[in-house]
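Below, chain A partners chain B and then partners chain C, in two separate complexes.
Our next item is the complex of A and B:
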């Protein structure tokens, strides 16, 4: 029986903040900032391609750390608490969001102004990669309920980051430089990708109350409860 | 009396593996032991009843609430305590902080009342002296008690304990049995275990699960009675026995259908359990 029914989220923020993988995020963020600083370190040898590529690599590095955001060693111990998973995951995201925004601003500012790609476009790319990492983690928990999906998701993300530019159809032109006339169209596609991944993430956020819904619908005897049939 | 838990036709498959097959149960107050060999479906059944995983088929209610809907499941969880088979922790939290964290997740938001409840439950499991110690510095037995405290915080009416005595030394096991017996006073406790001693000492009811199905549901005395006249001693292993093992005295204890003139022995709960399994991985030869 609940002792009182106050807003759980407000009380939960502090202990939940302690459970976040800050070290992993800090390590990934540091690596990301180093990558973002590459054009500045390269000096006169730097160009627009290096700047945009280093920012893309920087975004992937940070996303690799963020893939661990939903890792929770106590997940099985807290598997049957009334506070919904969507609230717990939402709070984790809310705690990380300002850190991510601040970090990305820093990464952008590290790139020399004359080489810096348009902020809006490259930010959409970075957001898509970050959301892909978080959706991957949410999906892993949704499907497998594992305590620590971060490592597998980071591996998948890294493989996608390497293979994506090689395997994505040339007509998508996702990885173009700012001087390419397809830059604007490419970022329409990035925005679309971001929305799709966000939608998938939202679907994975809720804890399932049923399994094999599709099979249920197809099987005349596959009802959960005769009274509901 | 209205049962705390009423389940009918619960089934669950993992890929091609049938973990639960048409399990029906009704649980009321006291401690019910869930016995079964490895892979019998005990943990799966407990996870389903604890709402940690949904079943493929079947329905159940806890205190009249149906976890088949999001709202119903949340209501069930407000009355539920769950200790999983391998409880996980945030190792940098102290015992108090961890149980307090679980208490918040159980919607105990009033700080003063919550802290009082956390202290009460840590006292109950005998961890009052180490409540300020980090979990990573606690022994395995103490961690298990932290997990039990987390399950009991908020005074749930239905408590699910998945093999809580695994990995504990005999003294810790005795201590844990006392705690579970206490927890069973005024509550419904479902306790999964491999150990028939746990059931004999703690439970007023026992359910035997094998291959995902219920093989027996009754009192420990009734399970023991299943073996009456079916346990005998012999100098050599009896090939006709369903299970047999060498005892400390050097003779063999056999269960099954005894040969004529066999020296019958007083049955134990374990004998009844082995006979109930019959053909479900119960072959014991030592």
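Our next item is the complex of A and C:
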């Protein structure tokens, strides 16, 4: 039976903080800040389009780092602890959230004031990308056996970031500049996307009641199932 | 990996067997690389892009000196996927903690790196096949003219090779799984940044794919792009990255590798220097010659009273022009039907591909200008130019007209096209078929008032032969300078359009 979350999670904070992939997040954050500083570095040549593009790239860079947040080399041993997975994931998230907020504020401030896109809109976009990364990681753990899904999730996130602008229908107008009249409507869609991904993430954060696998359906004896460590 | 385990250690003591193991590992890694999800997705998107784009690219009339450059962008997507996947493949052993087992295997680390580098080659070959397929498709289109450049075609596959080798090098430099994704984000923003605010001159040629600001087509010998030097530069860069990766993974003591790195860097520098030189003197002279006096290099061909003068690469297109000219002529009135015309191809190549200069209308009587592009909007544009010269006698006089002759010009131009109303919309700048508008042209634009538009639309909706008879019988008056729009309407049996104060004048 799961024990009450309070005192146990307080005990967990310190070891969890040690196991978080801080180096990854630091590397991604540093590159993200560098990308966000592009308009400032470009000087005269910068425009609003460059500013919003570099902020988007910066958000993707940070999210790539955050995709490794749920990586836990010791997952196969921690899976058996009485603390629920929601609590463990939630604690990791809670430890990273202030860092992410601080980092994003810094990235926004790096963009010159006159070029800065509306903060609310671009923050929704960044949050959606970050949540997509975390949901991807949670989903990989929910469905798979891997202890460290970060790399695959980062690949998925990168593919989405490259293919999204190329393949998303033009009428959705997700990747518009602030002077576009569709900016507000586009950010309603971003908010919707954020909520949908959040909901999916919340579902994936829980421990699966049973593993639904096609292979097992085909082979009830389970002999064709790969043995788990 | 398992394949290498099959190689007995005793045999491995001989260098030849160890190379066999390298090739076995390369084969294994190549198969894995081709089946990795990012590479599969990238190839799927790339193939879809080729099909979607090439179906109706260049209006069905490609100039191959442009079509070769159009193959360069797509392979970059595959290249990024290969960078990521090759990088992950090198890091796989670190991720699964099997690095230490390699000590007992026959392959030294640098040979493993060589195998990883070789595994990029099949993907590159596949990309080459895709590029060749796309270009062949363009070349087989019935309207294709010009010459492609093998060096321009090599840029796509070489970019894949370069990015793949760079992925391996990156894994040897930084054993972090996050390095490749972050590098890709950086490269994407960097390429967006440099293409928008791009370096001029030599620095823009340091990028793998170098686009041009202009979309107009030049004869292939006037492009002035150092394509061969750039291909050499890319090959040198890919080789440098590959050999550097071998050097970093323990090949430093090998003389061959040291010499190879030096050679590859030298090759890159030679390419970089070669590609950064200005347009050669003889090319700029040829550009001026072709722009100022095209008749000196053109080949002329006479058909049914019209002389078609085209640059040597465009002579196969004479038939397409003749079809339009004959169609317009067949509707014209007496005197104009058999007036000798010269269709002269002209291009302003003096600024190369840096800008899209507008051609000045021809001052010679009976001479019609045709550009280097064809298909799509270019066909009604050319028909309008032919009709204008038949009505006014001189191309220079066409752009100024704002009287009733505009109705005759536009009807003559469009009536013989397969879909006249679509033609009308496509020659007008705002794609409209009501109100006043600018009519685009290879030379000076024309202007239609709202009344002209209304009359032309009504004429195009009536049976063609009926209008043709009326035009022929009233030809002299319809083409007289300063004929009013109302008079033209009367002669052609149409209602006189109601004057609209705001839109009565040409734009």
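Throughout what follows, the second predicted complex is superposed on the first by the 204 of 229 C-alpha atoms of A that agree within 3 Å, B and C clash if a C-alpha of one lies under 4 Å from a C-alpha of the other, contacts with A are read in each partner's own complex, and residues count from 1 in each chain.
Quick note on the criterion: a contact is a pair of C-beta atoms (placed from the backbone, for glycine too) under 8 Å apart; a residue touches a chain by one contact, two chains touch by 3 or more.
Because the structure is predicted, anything quoted here is derived from the model rather than measured.
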{"item": "Chain B versus chain C as contact partner of A:163, first or second or both or neither", "value": "second"}
{"item": "Chain B versus chain C as contact partner of A:42, first or second or both or neither", "value": "second"}
{"item": "First, second, both or neither for A:64, with chain B first and chain C second", "value": "second"}
{"item": "Contacts of A:27 with chain B and chain C, given as first, second, both or neither", "value": "second"}
{"item": "Which of chain B and chain C A:99 touches, first, second, both or neither", "value": "neither"}
{"item": "Chain A: partner with more touched residues, chain B or chain C", "value": "B"}
{"item": "Contacts on chain A seen with chain B and repeated with chain C across the two complexes", "value": "none"}
{"item": "Contacting residues of chain A [partner chain B, same complex]", "value": "1-8, 11-12, 15-16, 18-19, 72-84, 88, 145, 147, 206-212, 222-228"}
{"item": "Of all residues in chain A, those that touch chain C in their complex", "value": "24, 27-28, 31, 35, 38, 42, 45, 49-50, 53-54, 57, 60-61, 64-65, 68, 148, 150-151, 154-155, 157-159, 161-163, 166-167"}
{"item": "Chain A contact footprint on chain B (complex, rising order)", "value": "12, 47, 50-59, 66-70, 73-75, 77-80, 82-84, 86-93, 97-98, 100-102, 104-111, 113-114, 117, 147, 150, 154-155, 160"}
{"item": "Interface residues, chain C side, partner chain A - complex", "value": "37-38, 41, 45, 77, 80-81, 84, 88, 95, 176-178, 181-182, 184-186, 188-189, 192-193, 196-197"}
